[in-house]
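Two complexes are shown next, each including subunit A; its partner changes from subunit B in the first to subunit C in the second.
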Partner chain A sequence: MRTTEPPRTLPPKRSRTRYPTDSIGGLLAKIILLGIVDAFAVYVLIVLFMQEKWAVLLLAAAVTLLINWIYLRRGGLPAKYLAPGIFFLLVFQVFVMIFSGYVAFTNYGDGHNSTKEDAVNAIQLSAQQRVPDSPAYRISIVEQDGEFSFLTTNPDGDVSIGTTGDPLEEVSDAATDSTGKATELEGYRTLQFDEVLANQAEILEVTVPFSDDPDDGTLKTSDGSTAYVYSPTLVYDEAADTFTNTQTGIVYTDSGDGTFVSEDGEELGTGWKIDVGFANFVKAFTDENIRGPLVQVTLWTFTFALVSVLSTFALGLFLANAFNLPNLRGKRIYRILMILPYAFPAFLAGLVWSGLLNPEFGYVNNTFFGGADIPWLTDPLLAKVSVLVVNLWLGFPYMFLVCTGALQSLPEDVNEAARMDGASPWKLFTTIKLPLLLVSVAPLLIASFAFNFNNFNVIYMLTDGGPRLPETTANVGATDILITMVYEIAFGSGVGRDYGLASALSIIIFFIVAAISIISFRQTKALEEIH
Partner chain B sequence: MSTETSTAVLTGPGESGGRPVEPATERRRTFGAWFREKGWRHLVGVVTTLFAIFPLLYVLSAALNSTGTMAGSNVLFSRIDVGNFEQLFSDPNRPFGKWFVNTLVIGVVTSAATVFLGALAAYAFSRMRFKGRRFSLLSLLVLQMFPQLLAVVAIFLLLNFITDVVPWLGLGSQVGLIMVYLGGALGVNTYLMYGFFNTIPASLDEAARIDGASHVQVFFTIILPLVTPILAVVGLLAFIGLSSEFVIASVVLTDPDSQTLAVGLYSYVGQQRSENWGVFAAGAVLAAVPVMALFLYLQKYIVHGLAAGSVKG
Partner chain C sequence: MKVLKTSRRAFATAAVSVAVMAMTACGSGSNDASPGESSAPSDLAEGGSTTLTMWVDAERAPALEEIAASFKEDTGIQVDLAVKDFAAVRDDFITQVPTGNGPDLIVGPHDWIGTFIENGVVAPIELGDKAAEFQESAIQAMSYNGNLYGVPYAVENIALLRNTDLVGEPAATFAEVIENGQAVVEAGDAEFPFLVGLDPKQADPYHMYPFQTSMGVPVFAQNDDGSYDPTKLLLGEPNGVEFAKKLVEWGDSGMGILNSNITGDIAKEKFIAGESPYFLTGPWNVPAAQEAGINLAIDPLPTVGDQPAQPFIGVNGFFISSQSSNALAANEFAVNYLTTEAAQDALFSVGGRPPALTASFEKAASDPIVAAFGEIGANGVPMPAVPEMQAVWADWGATELALIKGTVEPEEAWTTMVANIEQKIAAG
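And then the complex of A and B:
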């Protein structure tokens, strides 16, 4: 079989060799480990069965069987060694990759994060209005495991308990005070007046449904001692699949975009997840608010990655050359001190530098520039320069180490010959050393480019993408690179989270990085053939 | 001492080949000649060293200065006390001690598991011949182009689903986070190790097998001890990478008690940089010291690994 490796260390008949069977200890270890895995798998399968998640159940069962088959059969030794790593790789790298692809074609995000059924329920619960002239329920606020419930006494004197999402249930063993109002129930702690005040906000949020059907209405309180009946202002008509507002009479219908919309185009807050085809990709390239910033961010991402690679490589190579001299005193000290930034955690570097460069209180302005107010991180151009300088600080030691290693492995005789022929040091460097060096270092430069293309930490910690771009309402800044933009869209605090759009952008980034990597690896192959 | 041995490797074989310089000639030379040959190198060395260590000195100075604000830390080492460190460990809303332990535990467990899973795979690739071997090696390389960072939304949603099934493995769980990290256990690590495994002569394990050793015994008692350097490199690089990992950890770990240093320390200064500066600096120093110490202690392995990587491509 042809392999990528030179076959010299490996006699070709390896696959035929038989290993002796396992020892007792090995067998025991195998049984125990496989037992643990299977026990866990059975537990998961039972939970999935109870939750009626059939597709996942089938998949999990198949994986469990496969694992057992791999380890219980006699042959297939390579699979036994590869399976654990590949399992995690498939679930948390390959699957999430594919899943990203799927999410990119949905409207998943804030307001669209569940099924239509859940959305209908949520809308009914959220749109509640007090029923005029409805009776008052006397209540005590009770607490269990940090959750507040209403212990209610209805006008007829019947006592029930319920909490948000957990409908009222009649209880018989509650203690009542002289007025007949239920005050205590076993298993619950009754809140005193000052505690009610302290937890006001949470108690106002409590919405206790009368039954599982949201149309029956709910109980809410405004003072912690009486509750009133609230009923949904939006009523769902299952047959017509519409919501009707009981007060205005406006009818909201399924728009096909995962929301209920009135004829005037008014949307109800909660929607559900649907497949939207290429809409997210189209949005990325056409929506005014996104297209402009996206182009800007993409250009900057390329600039940032390219300049970062070139600047760190140039400095690293220069230093490697400068210190590639025998008998240079203090060389070891220089080297150790110089590689310290490489050992410093990258996320801290960004934060520390953001302090150094702080315009008002930072060391750089106050000490180096005598109190000048230079906006290092808030002026778009200066912020970009700052990001590049900080990344140079972080990255040059790596290149220095790599170049030192590569320089030392260059054949000495070529140098010698060139020197004999009277080549100047510069000429020697550019025509002999550099090309030879590039052959070995080029793949690392490409890897470094790909890494910097997604170098989240330095940007996020130093400038948080800022300063903000003025021409867009999206939360995008002048130093944002693609990956920080994706993070902001998916988990940012600005406008609603949009998982679909974020995933679409991820997919686009992936294709860019993959294309560049493939092209440049081809180029370096060509480079290798020349020499 | 470690630095002695490590720098011995740093200054490597290439340099020992240089011709010895006779002290007598050196003394006779003019300053100009000395500067052209060596002096400028010292100049470059001093300037670069200052650039490299200046931010580190700054953060150390700020950490030791309990005036606490950013403005107060602008004269390096003007005050030295441990007030910031005391404050760092006394804020119950920002449990620095827990973050530290969390980071260590997650980092050590994940990098140990990464090394083990990678070594298993590298052993299979290096010592066995099977169908799809070349394809698997290539796929690993290609998959590396899609960093997990890009799939953070999907990871969030997947863990969200897992929360419904097995709550202690889902969002907010450190075990869940470790599993996510292990998704990247193969890939580049396997490549590094695979290359190194190939340099161990196969005759060694053949001899052992003839003596009746099983494949497991060969792996644990013959191969693993011989490849310790690369295991250290991979483990250390994994640990350093993990100690800085912010994105996935910030999405998965929501409860302050379960967070890592990267997520926690960011929350310290995420909103208002200048206020908590001194305490943050103290946290930064404590967070960086173990990683840097480990790095310097093992640097001969790292440098060797990097250099080997660069030469072989």
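And then the complex of A and C:
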């Protein structure tokens, strides 16, 4: 197919040529655009600085410098064109892939959601329990030498003062407001509400011992105007890195897999994220619930993807051929009608079809099958057929568009020559048009295969993987493909979501799809070499 | 740590103000705080503590706007209501809070609490004496391990809607309901004796639950304080199999009372078209039925066994993020503003869900429909908030669906289901 290359003119000898100077408009546009980018970059850098994300901060700073260098220097035109594309590729593709690769090696998921520090804080928060039937104390926040104290008014009107480490002590000379609440005390400055807010982090941390006996609990406030007596059910020992239950004395230690566990195996509710190495991959291949249905699901995934590609291609090609007839009238309208399903969001189409295929009330059974009770989506075999048909409905317009374009670009003279030689239309199609077509369409077919291999929307919205397979305890159904099974296992059932396992499984799927694509592209190359 | 943070914040503020000044070319120094005075106001702006963010759905946002406005008037704190699509908001909250991008407050149903705590993203709330002003079931639902985690505002549950033109008198047992329904169908006045929306993929254990409790088969055992004990799965109670047999009897291959092809939408459509005397559903379908001109009565849930038919109650409320940098302001708003009668009234007026605050509920209960739903709810049990519940739904639904379709043998299917759920809980 390749024509001889045009004779190349020799490039001008590279010299220290003067680059054309920018026009005023161009210069202005450059300054404004670069200004916007830099302003945004500065904002991002400030945010990162505040969040202590040092590595990302350095990276972002380097990228900003690089962008400025690329656009401010003279020359380097290709870099100027490529930079935005590469930037977005890195942000939206490479970063996402690296991140999910990283997640696959952690136990990230429900119960292991954040850092150990966060988990310890959360456990401590929840462990603070109000002493049963203890009254509410109205308080004013007062300050002395930068330290905050609670000026508390007991329900019976007595006034005391105390601060962290300094138990409540009764005072008699406090000024009270009309409701009897103590508001001011000699030597202390009373905080106004906006000051309370401005210092909320410190005030929330104030714990006033109720008395010298620590068992009496401590006063804490959550809104700055009322305090309650709390006593923690769990106490964290920072040096030993353990939690101790104050009532039972049970000690919870770091188990090494992101939770605090007592000796007899009882876990504290909140855990944290840790690296688990290959554990997720091992689980993917050893967990009974995943391994059991995996073979069947994999087979169906291949069938689904293959049949989807072939059926949509066949129908698309047939229609493209039909509407390519030179003497057909109203071609445009037909073509627009053909691509309508393509304009319909796939997940919505899934829902609509699931309604249309309702055995008793669905349009399909009532209109086309005279009210027959055909279980389109609930019989394992019929559900598979339905999924394929709906996916055909969704997918053929794409193939139709592609084939129409490819057909129109085929050289007309080859057809003519063949016709002169007396080839039948069928022969003409199979031996000339189709092979020529395949050269340009084959890569798209492979892409379409890869897409359908992970066609989550159709399956999830139409059947949700169902009907369920009776022989497995996992929530896996007859129409589940690998990606919906991953979703079901990682997010759907069981106790909580498991992003780590989900990432590991999707990496495995990625390798399957990549392998298939590489092999197929090799085959396509062979196809090209025929010509 | 704290010093570092403050200095960083100061640096950031300085950097921003330098940038702003440079941009506006204005260095008039009018912002200089007069020395000697407290530096609080500038601290306030610096810490960002003048703004609270709350995630809400489009329906509730208007009611909260008024409350937020009065809060701003009193305290100067702005509450930003970020309207979110509620399909994924629970997961977003769980993943965003640890990154520091989460909101300070979020609205949601109480059964999110278990997962929230597992992930350490909510903080306990202390209502103090105000707790007594709420319905007991609402407080109970919002409690977990002895702490309260949400400010409740609405309680909802299902009831039996009856078209009074078709059946005049309420029925006490489900057998009577079926009998009445079938009589109406035989007389040619309706098409279906009884309607309930079932998901053709998952059935609907939530709507079936009162029948199940009436036969003495709750999901989990409850402790004395009403909390659930996830280690005691009671689905395997001897009567579980009896309930399974009932599902087959009522189902597609039996009497056809429960029809797995009838989705929630179809059930609603048929009921408001007057095609059935009964519809087992929640208050959310009442407005549509009233608009369609159906004469409605709200009947207590009919019993199947010898115990009361207890529905699940769902309690909606407000949660505070465990990592809110404005915890004090958030608490002030939640505890002292969202608990007011005005706030709860406003939320009732937009959502139509019976208020959790007793005073507001009593006002709302002047509407007999709200009163009837409330009465049934008082008899209900909170939907379990324990994370283990997630392991229950899928198997429970799939098994009920298979039973209703009549494709499985009840005894075997129910026992297998119980074993599977137990295994899943143990694995988690």
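Everything that follows uses one rule, which is that the second predicted complex is superposed on the first by the 316 of 531 C-alpha atoms of A that agree within 3 Å, B and C clash if a C-alpha of one lies under 4 Å from a C-alpha of the other, contacts with A are read in each partner's own complex, and residues count from 1 in each chain.
By our rule, contacts are C-beta pairs under 8 Å (C-beta built on N, C-alpha and C of every residue); 3 or more make two chains touch, one makes a residue touch a chain.
Nothing here was measured: the structure is a model prediction, and the numbers come from that model.
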Which superposed partner A:L204 touches (first subunit B, second subunit C, both, neither): second
Partner chain in contact with A:W426 - subunit B first, subunit C second, else both or neither: neither
Touched partner set for A:F361, first subunit B, second subunit C, both or neither: both
Residues of subunit A touched, compared between subunit B and subunit C (which is higher): B
Which of subunit B and subunit C A:Y487 touches, first, second, both or neither: first
Which superposed partner A:D118 touches (first subunit B, second subunit C, both, neither): second
Partner chain in contact with A:F193 - subunit B first, subunit C second, else both or neither: second
Subunit B versus subunit C as contact partner of A:S126, first or second or both or neither: second
Contacts of A:S440 with subunit B and subunit C, given as first, second, both or neither: first
Shared subunit A contacts, counted only where both subunit B and subunit C touch the same residue: 51, 354-355, 358, 360-361
Of all residues in subunit B, those that touch subunit A in their complex: 3, 7, 10-21, 37-38, 40-42, 44-45, 48-49, 51-53, 55-56, 58-59, 62, 69-71, 73-75, 117-118, 120-121, 123-124, 126-130, 133-134, 136-137, 143, 145-158, 161, 164-166, 179-180, 182-187, 190, 198-199, 201-202, 209, 212-218, 240, 243-244, 246-247, 250-251, 261-262, 265-266, 269, 273-274, 277, 280-281, 284, 287-288, 291-292, 295-296, 299, 302-303, 306-313
Subunit C residues within the subunit A interface of the complex: 2, 8-9, 11-12, 15-16, 19, 38, 40-41, 43-44, 47, 49-50, 75-77, 91, 94-95, 97-98, 100, 115, 117-121, 123-126, 128-129, 145-147, 200-202, 259-263, 265-266, 322-323, 325-329, 331-332, 335-336, 387-388, 390-391, 393-395, 398, 402, 405, 408, 420, 423-425, 427-428
Of subunit A, residues touching subunit B in the complex: 1-5, 9-12, 14-15, 17, 19-23, 26, 43-44, 47-48, 51, 53, 56, 77-78, 81-82, 84-86, 88-89, 91-97, 99-100, 103, 108, 315, 318-319, 322-332, 334-349, 351-356, 358, 360-363, 366-367, 393, 397-398, 401-410, 412, 439-444, 450, 454, 456-457, 460-461, 483, 486-487, 490-491, 499, 502-503, 506, 509-510, 513-514, 517, 528
Partner subunit C, residues of subunit A touching it in the complex: 39, 42, 46, 49-52, 110-111, 113-115, 118-119, 121-123, 125-126, 128-130, 136, 192-201, 203-204, 222-226, 228, 233, 269-271, 354-355, 358-361, 377-378, 463-464, 466, 468, 470, 473, 475, 492-497
